[in-house]
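Here it is, the structure in full.
Each chain carries a letter (A, B, C, D, E, F and G) given by its place in the written order, and its residues are counted from 1.
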Amino acid sequence: MYALSSFLVLFGFWLLLSGYFTPFLVSMGAAAAIAVVALAHRMNVVDHEGHPVHLGWRVIGYWSWLGKEIAKSAWDVSKIIVNPRLPISPMLVRVKTTQKTTVGVVTYANSITLTPGTISVEVSNEEILVHALTRSSAKALLEGEMDRRVTHFEGAS
Amino acid sequence: MMFAVAAIAVLIALSLALARAFLGPTVFDRVLAANTVGTGAMLLLAVVSFLGGRPEFIDLAIVYGFLNVIGTIAVLKYFRYGSLGEPGAGGEERQW
Amino acid sequence: MIAPHLPVLQVVLPLLAAPLMVVVRRGGFAWLLATAASVAALGIALALFARVADGAVLSYAMGSWPPPWGIEYRVDRVNAFLLVLVSSIATVVVIYSRTSVAAEVPREQLYLFYTMYALCLAGLLGITVTGDAFNLFVFLEISSLSTYVLIALGRDRRALVASYQYLIMGTIGATFFVIGVGLLYLMTGTLNLADMAQRLPQVAESRPVLAALAFITVGVCLKLALFPLHLWLPNAYAYAPSAVTALLAATATKVSVYVLLRFYFFVFGGTTVFIALPMAEILLLLSLAAMFIASTVAIFQDNLKRMFAYSSVAQIGYITLGVSFDSVTGLTGGVVHLFNHALTKGALFLLLGGVALRVGVVRFDNIGGIGRMMPVTAFGIVLGGLSLIGVPATVGFVSKWYLVLAALESGAWWLAFLIVLSSLLTVAYVWRFVEAAYFREPDPAVARLKEAPLAMLVPAWLLVGASVYFGLDTVLTVGGASQAAQDLLRGGR
Amino acid sequence: MTPAGTILFALAVPLAAMPLIAVSHRAPNVREAVTLVTATLLFLLVASLTPHVLAGERPEVTVLHVLPGLRVAFTVEPLGMLFGLIASGLWIVNSLYSIGYMRGNQERHQTRFYVCFAGALASTVGIAFAGNLFTLFLFYEALTLITYPLVTHHRTEEARRAGRLYIGMLVGGSIAFLLVAIIWTWALAGTIEFEPGGILREKASNATVGVLLALYVFGICKAAVMPMHRWLPAAMVAPTPVSALLHAVAVVKAGVFAVVKVVIYVFGVAELAALGNTEWLPLVAGFTIIAASIVALRSDNLKRRLAYSTVSQLSYVVLAAALLTPLSIIGAALHIATHALGKITLFFAAGAIYTAAHKTEVSQLDGIGRRMPWTMGAFAIGSLSMIGLPPAAGFVSKWYILSGAMATGQWGAVAVLAAGTLLSAGYLMPIVYRAFFLPPAPAGGHHEAHGEAPLTMVVAVSASAFGTVALFFYPEALLALSRQLAGPG
Amino acid sequence: MVAGAVDVLSWASLVGGGVFCVIGGVGLIRMPDFYTRTHAAGVTDTLGAGLLLLGLMLQAGLSLVTVKLVMLGLLIFFTSPTATHALARAAMVRGIKPLLRDGGQEPSKP
Amino acid sequence: MRFASHYSYWITMFLLIAGLYIVIAHGNLIKKLVGLSIFQTSVYLLYIAPGKLIGGTAPIVTEQFQVYSNPLPHVLILTAIVVGVATLALGLALVVRIREAYGSIEEDEILEQEV
Amino acid sequence: MSGDLVLRVVAKLLIAFMLLFALYVQFHGDFGPGGGFQAGVIAAAAIIFYGIIYGLPAARKVVPSRVVETMVGLGVLIYAGVGVLGIVLGGNYLDYFVLSGDPVNGQHRGIFWVEAGVAVTVAGVMIKIFYMFAGRGRNGEPEA
């Protein structure tokens, strides 16, 4: 099941990249996708973690929100950098995770890191240790919106 | 012209990162800087591909991106375990 | 059908043998294949030599792309001579290796040894045969990288350090070389050596061209271990497996000399180079330094392999000295010495390998009285030593004779004196061996020694015999060398 | 056999003897028989060439063309003939003597000794007959190398040190100076073939000739011109037959032979005389004569005294050659022969004394003439020859040298010759006097009950003493050869 | 007209991206310790890279090149935080103490 | 592209000297290799510089051969990179084995053990 | 060890795409030289990444050492074989034009196989190198 969907995704990826649709290249693409799935299977990476297709279209929604967040905080951090006084107030905070799956936690952790001003230092099932550049970025994170959105995005599965 | 401006900007960022790589002081600072240099180089390759009309440079940039992350993680792993092949970095089954 | 493809097959056969060995991974098979490749290379080299003997130039276009667009392989009298030299030494050494290497290299690494051996041979032949500057660099690196591995396969842990040091210096050398080539490429727009030679006069004497010359000189001189760029050589020779030492001493530095000659006389066209920059003077001084300092250092070595390694540095000085004269006689002397030293040092290191097989590390303290226990080996070493000194009736004499003549020809009688004087230092270290081998009572350990196995003695003595034979019959060597010298001085035009 | 064939045969005989001697190492009698037969055969071969040379022929043979203009070739001319005769003749005597000495002293490694001795003779013949400088150089080096095992025969630390000095000076000098001189000569003259009248005629400037001559004289260390003499006394550690070989048969003779040969056939006597810049050579030779004699005078060790005597006497030859007159050239050639006979007699006697009485110092020799009358009688004859008194051969050669010096009014040389004669009398006659006229030292040692040395030694020493006297009365053959050198062509 | 607008947009994107890249670089120099520097690097990786790629995409239009640029963006999107996190974690494990403003919660505890 | 190449000489020289300096100045075998790599990197930059800047002619590239022909800079650079990577890998392999044999990768400590 | 969680998940995501990208570069490589090399590097990088994250034993299970070495040899053999084929078919060494009736087609075919050879070798060499280093930990057993 995962293998089939993996194959389809990879093949699509090939066609996107290729841009050429000669019979030779398309068949090669199919062969390549099969080969990769086979190898990946040997590696045991073809599972729900490695290939989270089930997330579906929710991706778009979450990513656009995340993009906006990133832009905002990048802007904030930039202002701090160019500020002659360098007004930082670095701190370590722990945030609880409400996600149920590994993918969910990882998504949350990476989202934290991807947002300038916060990085996830230590990730575990229950909580994430975060280094924040300023008090306000820490506070924003502790408000928990991102956590909620990731959990929602992760879905009920 | 606009590509040139972008390229110069990336180059400046790159040299700043390089400076940090030299300054250190911890190995992690250097690796961080090297990683940023990598990102910069990737972007530079993309911009240069427009600048020089050489679209195949983007492929190169993608390759570079792959290698960048692998390199960073390999270095970290080496510093952590003194070896690249230890299964410690995720091979063992986790508790949950 | 094969005939027109000989120039490329010269390189491709050993190059093909290497991966086959990796795939099969059997020591015995690898040796067989390496031998076959070496013998084939020798056959091809001889055929090529015969075909260019009348002064013809064979050009082979890789992939049918005509030069200067494609890579060209080019055989003329100069490099055909070298091809024969390299492939024949390689053949002798590979036959010798079967016994020697089995004793020095772990069984499971034998295939690796022969793989690297084949690669090294392919690289050396490639350097010699290619007519493309960048391709030359690639072959240079192929031979160098395989050489590093071969050295590291030595038994002593110092082999590792030696290999590392060589890797550092060799890479610096190769990089200097490729920078020089790059500058020439930017100036002429071509990488084809013949084409480059034709285009260079238009941009000659511009700063990048002179810089290119300097880079190439330094780079190549690092590879050929010209004093004081020789620092990698003594340890590399001392701790590499015996067969490797012989191969390196006999071929690798010689091929580098060839590269220098190729660039100096063929690409840069000799005269302009020597006028624009004081190359001749620098080369002369460094050569003299090599001849005296390296020989003196050799006298004080306790390890025989190191001693002969320093001797190599000194002998390379004679070769470059010949080059520095920039005259037919001088170049003849240099080229003959290149040939001579290949035979002699090859023979010496092969024989030392035999001693090493019996006593382990070949030091003066543990070979006392070896002349009685291993008479054939010891006598061969003495003959080789005589050739190093330049005693008449050995090859060594012939080249020194021409070098001295060249010195006198240029009016530098003091130089002739120095050349002869430097031989005296050679006498000193060769004599140390004679005294140890023949005039010391054998230690109890030595007294139990047996002569080296026949499988090693025969190849070694082939070279010893050659170094005596070519000392007596000089028609082939001197004739070939003076032809080569004239061809070289005529330059690329 | 053609003369050319004879030359090759003469070279081949001692060479062939080497393996023969080596394989017979378990049968000493066979081994020594081989040596004696070879020596005799060699002498006969060399002697058979004499009539040809006397008849004005110059037999020659080329063995090998090494490089264009460079060949291994042999030409027999009078000087070489003379040297060849002396060397091969004395080899017979020396072999006889060696048998007694080596057995008498129970020396080790006797086989190697005989093998190397044969090799040394082969090299000597090569030197004597060399047709060009290249060939001369080759065999000159070969002689050095093959005599090294002889010098270090005893393998003691002292022997090894002496051997190192021996090889170092001889090889070093020949490469650093002689070889350079040869190459330079080649560059100047375009040839290195020996030619009567010299090959450098009108080829070299005054200054060049001076430097070149110096290179030759000091490069040929075997001639032991001071300061290149150190190796010779040091080599005294070797067994006495070896000393005889060094001092009489081959080595130092090869040196002075080479010097004379170079003067005659490379520079040309007339040419050298016409040019300046050669005055230093008689000075150096004269200095060596006097200085070495004084050292000899002060040495109590018998062999050391004889060694310095050799150094001194060799310079007679060099001096004679340097006088550059026809008469002195004859004297030089003759002195090679007469000194050889005289000195071999003295060394034989010294060795006999050592073998019979184990005495090495002059001061121990009081009254020994009564126990060893033959030996000491021979010693007395040898001494006369060294001093240059009749009825010994030394008189003849010294006479010619002196005549040459006086004829050209080189009074300094005359004075040196006179002083040298007095000094040599001073260091040799007291020995004879002690041996015959002083009472033996009070008996204290346990070797007092000795008589003469073994028979072969006595025979040898008597034979060489006889030869010394005979050459005084019948010098014609050698004179005839020598005269050819001085005469035209 | 549309082309002009696209040009202006891509100009803006490229310049903006460039500026953010430089700011990230400056931050890398200015920030006082390793952890704070990672935040600065984040600016280059996110807004800097994103805007630059966007600018390039606008120039490339709907083409294969744009697809590849998207790939590039996705690649950065996935790898950059991963690498940064790995770095920070490794530093913490190694005992590199973060510079903390007093009152910052939680002393470091790996 | 042009502006970058203008400075490529200076960058080349800088990398060259810096790399060489690191190779010489550092006793740590790995740092030497890093220096060596930097040193080699200078080559890549050199090969992309157009020859016209220093008075040379442009590389021969005719229409006919543009696609396939050999002396194209990026092929050369790629090759040089391969060579560089191979050298680095081999060098590191040697260092690893040296550390096993000597227990150190500091040059002076290693030489100390071989007196 | 939970911190490696992020790495593990992202690696799973990346590896398959890297492998596919490698093949993409390989198959589109004959439109410009060097494709084989890059493809080899990327493919090897994917395997190496896997090895780094999941450990050497896991990587060796997926791609055994023996296979890697054979790859190295095989790639060169393919490359050189294509060259020799050129001679066999009557052209020069590495002559692609003779590989097919239509010269352009021959050219494509030749380059394709040559690039394939390069890719296999490069991938093999890189993985081999990784195995060599990764195999030598603090108490690593030497591997040739």
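Observations on the model:
Assume contacts are C-beta pairs under 8 Å (C-beta built on N, C-alpha and C of every residue); 3 or more make two chains touch, one makes a residue touch a chain.
Small disclaimer: the values here were computed from a predicted structure and weren't measured.
If you take chain D and chain G together, the chains in touch with both are C. Using the mean of the Cα atoms as each chain's centre, the chain most removed from chain G is D.
Taking the CA centroid of chain B as reference, the farthest chain centroid is that of D. Two chain pairs, A-E and A-G, are weighed by contacting C-beta pairs, with A-E ahead.
In terms of their C-alpha centroids, the spacing between chain C and chain E amounts to 54 Å. Each chain gets one centre point, the mean of its Cα atoms, and the points for chain B and chain F are 19 Å apart. Averaging C-alpha coordinates per chain places the centre of chain E 29 Å away from that of chain F. One inter-chain figure worth recording: chain C and chain D are separated by 46 Å, centre to centre, where each centre is the mean of the chain's CA atoms. Chain A has residues 17, 109-110, 120, 122-123, 125 in contact with two or more other chains. Chain F has residues 68, 86, 97 in contact with two or more other chains. Contact residues on chain F toward chain C in their complex (touch as defined above): 12, 16, 20, 23, 29, 32-33, 36, 39-40, 42-43, 46-47, 49-51, 54-60, 62, 65, 68-71, 76, 79-80, 83, 86-87, 90-91, 94-95, 97-98, 101-102, 110, 114. Considering their complex, residues 391-393, 397-398, 401, 404-405, 408, 413, 416-417, 420-421, 423-424, 427-428, 431, 435, 438-439, 441, 471-472, 474, 478 of chain C touch chain D.
Looking at the complex, you find that chain G touches chain F at residues 32-34, 37, 107, 111, 122, 125, 129, 132-133, 136, 140, 142.
For chain G in complex with chain A, the touching residues are 2-3, 5-6, 8-13, 15-17, 19-21, 23-24, 27-28, 50, 54, 58, 61-62.
Listed in rising order, the residues of chain G touching chain B in the complex are 1-2, 4-5, 7-8, 11, 14, 18, 21, 25, 32, 38, 41-42, 45-46, 48-49, 51-59, 130-131, 133-138, 140.
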